[in-house]
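Here the chain labels run A, B, C and D in written order, and each chain numbers its own residues starting at 1.
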């Protein structure tokens, strides 16, 4: 029996990625497409400008879009909603769905840093799901809100996790080179980025710093406790369509050889036994000097693997490497869907 | 009276930039254009594919290209040559010109790390010119070889210098996002970089590490002594035509407020009294969040200023900022020409 | 004595080009900067996001922006206004300025095809200025409205004019490859155009067809009479920042050798004796196979020359060639300013 | 029983596409990978720089590359070879394979216009296969050489064919906007095409003119007879990775309504009953104003469909439209493979 699911914010770039990930999904049946009042009442294909390189799944194309209202009949038989809402709307709409008994798997930034909202990367900290109990107690939700982090956080957290587990983390320094799709379809004018790059993404550095600390930290006595390392970040936008690249420098607590670091990353495969439909090997190592590259490597593992290359020594930190993530799959829609898949298999 | 000068490797990308910088130069008269045997004997406009956005200077267009041979009559009355040769040719050709009594201002990497070859950024370490004496003693040159660093080194060294002078340097971490022109006209196929970036530039990280240490070090008793700080670098190629951008993280020896760092950079103007034709304010600070950007800012100070923005605190290092350099002007031809200008005015 | 001029819509992309063209202008003094109510009251540098590659002229940066109201005191001493307004605003605002006695040189499309509004490319059809009399009679204007065509029309009309004059025009077929700046700064999202092109620009084909016929036609008895040829157009957007390229196929009425066509274009220089500040040779021919190219050639003649190459025979039409225009200079702001310059020198 | 096949020129861009098209092919078994002597003896993954976005098929990665010699043992059991050789090598190597009894399906331009070599687009003119008999008679081949046209020819021929069949062709005018991959991986330097386009592709206009006439012509009495229409072409390179776009203008012999033209294209599906593995609907019509677009539509029909949009009237020709082709699949490797598939099913 499949679980009925819906999407909040179905017409935007991440919403479209949700639709692709949920097409023919073995566990979930996509039955409700929520979007703004401007789109509601139209068929999906009329309501959205579809800019993916594969066609709209046929069923979805003809489905009628409904408003993102928790009490709309279309959401009645839905147990899980995936949210691609902008932060300001997520703030009010997601709690309404949680109150109405829905499990909200949200890609929005609005609730991520709340003291009782788990911020989860499935492979890294699914134990934080237990904070849903605290959340329900606090807020009187029948359902609940589970967030996944900012796209650029996921790329770093996944690669840092096996290093932290084996050798401890002391210092982390990251410079990102992020794709334009991260800003949404209309987010970056072509005049702004052709033959150019932009050394700034509003709020991104703060998010990467706080989110990595929360994710790589613990839950103790119903409270989040930050990871015990320092992290500094510089974020940049480059003219790449999909695929965030990060230069990551790490100082471990214990000494580690480069080959040990690579082995730890390569062997990191914590959920392989759960048989999750959207799961791929979390980290794929490349040995070539000039990889990963976003255009060539972003679809590795159907876009769900982080591709890592150039693991090498650094004169200040102990190790540096380059990591690449498909930001709208692994870094957004795929992260939410994988969270939901594990939750259903292990925690429901 | 102008000094006659020549160019070695006049037809390539950096050679073309030399020609632009030497057009109507008040101190130098460009009289000899040296290039490969394939080009020699042709007019310059026939010998080169000119891909600058301004037309070839008319005089130069009709001038006959000669082979890069130190004893060629065309070089007889030349006192200074600017070298845009590839490293492998520079290795043998530059010493021949130095023996023949020419001062070689070289942009090539071949001789930069030699124990008696000064590696100079005019504003940063012109005192190293004195190593020319050692070089002449060692090698029996009548002329001499002066190198300027790799393009991406210049961007960092200039911005680090005023910080080092005021507050001392302890740790420096840099991630670069470098323009395609840095690899030469044919260096990066479009298939390799459209909708893409490449996390690797051969030899670049090593150069940036060793060169910054040499430049920001001292000359003591006829020997170079490295700067007393640690530096780690990660280099990337991005689809930008001209303009290297660098995310730079600095830990100073003494504590420094952000405003003090900015003031030190802004006031750094060591050669303003020399009235050098190619000189511009070395560091131009921008206050906007999203600057510098290569397409908008690379021509600041006729391409000779480093543009710095986003000077801010970092949780690990004390300070981080973004620096931008026009890599084929400030980072190549302009660096050599400025070295020659100061040398003539102050040391000749 | 300079004439005081103003700009309507001063903060947008074309408005910024107007400011650049009017900096230190020997005939015009820029005294009034009009923009939306949102911008009014701010200094120009605060009101606009300046995205040109040269800095804002200093005087202009500190000037206070005023609303685009014909009776605003700031416009009182202004005789000429240049309009970079969007079509819907131009429709109502430009007539108000014309009523208030101003000469409006407009880049907007709103009034171009009106039966009493001249649509002028200075070098091609300045005789159409005489329609201003009809316009004043019809509309009771003290001033008047002069429009210049759509950017892509200018590129074709200028190159067709000398051919028409010498050999007559029968058929014209054009496929354009237009730069993103033609759509305004926010007009083309980067997601829409990176690794892509768009075979459609709304209304552009119709404009090119009707405007070319009007411009290359005559004024007879106070009425416009279309040129006596057929024209078909296909318009495309390509990922180029500035510079529209057009593949143009022409069938002349009389037979013409390729060399004669080239000669006619090369000798076309009708206004050279007027000493107009913004004038450049209207057509610059290139002999290389692979020119013109937008990045290399768009600034020819300070962006005011059309660069033509590949003039050759065609099996169906008699001649085909490629033409390039800097769309925001020659194709927009420069076209208006040049119109005003000639009007003042010859018709005022 | 599968037929053993080989590839000549297996390491380049088109060679890589052949490998992708032949992976798990139900009719063909790829057993021989031929390349230059530099590559021969290495495993395929060591011999080539693989720059496709999917990984190298595993079997192929480990296969040893052999020299492209017709008598090499590796080719002994091979019946068909697909050639991605450069024209100059194809000229001598392909005949050797044909003499050795192989059927050569060649993407090279070398032999296309020979008087006894069929130039075939499977859906358009497979009847020309009968010229193989003449070829064998003339040349004493046991095998034979079948060519497919230049990439940009295929896009036009396929869309012109149904129009010609229904309404006759009188005049055809084409302006192309071609992807960089058409020039091979190293063909277009990024410095040449970023923020730019190039209005020239050497030999391309001539090829499109002669090839379209040959393909849309007949075979009569063992001779090719050109199609009875005129064609003129202008070719341009634009910064798109894969996907040639063409603005096509057509004058038919008989009058045709736009809707009739669209219907003819839409219904064109001549080989649907042959069940060919690489076959897709040859023409897919899009109704949106702004399609086809290369990034979004090039993979339609696994890259084997031509996508057509904007079919509309033209003031000079009767009809104009935009057509898009995946140039390295439909326009190269896919064209050869489809030719071979039909030949085996129908003519062998």
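The rule is simple: a contact is a pair of C-beta atoms (placed from the backbone, for glycine too) under 8 Å apart; a residue touches a chain by one contact, two chains touch by 3 or more.
Keep in mind that what you see is a predicted model, and the values were worked out from it rather than measured.
C-beta contact counts were set side by side for B-C and C-D; C-D has more.
Set against the C-alpha centre of subunit D, every other chain centre is closer than that of B. Note on chain placement: the centre of subunit B and the centre of subunit D lie 47 Å apart, centres being C-alpha means. One inter-chain figure worth recording: subunit C and subunit D are separated by 42 Å, centre to centre, where each centre is the mean of the chain's CA atoms. Touching two or more other chains at once are residues 51, 194-195, 239, 241, 295-296 of subunit B. Per the touch definition, subunit D reaches subunit A in the complex via residues 51-54, 194-195, 241, 295-296, 299.
Across the complex, subunit C meets subunit A through its residues 13, 51, 180-181, 185-195, 239, 241. Residues 171, 173, 175, 177, 194-200, 202, 209, 230-232, 234, 236, 238-241, 245, 247, 249, 289-296, 309-310, 314-317, 320, 322 of subunit C touch subunit D in their complex.
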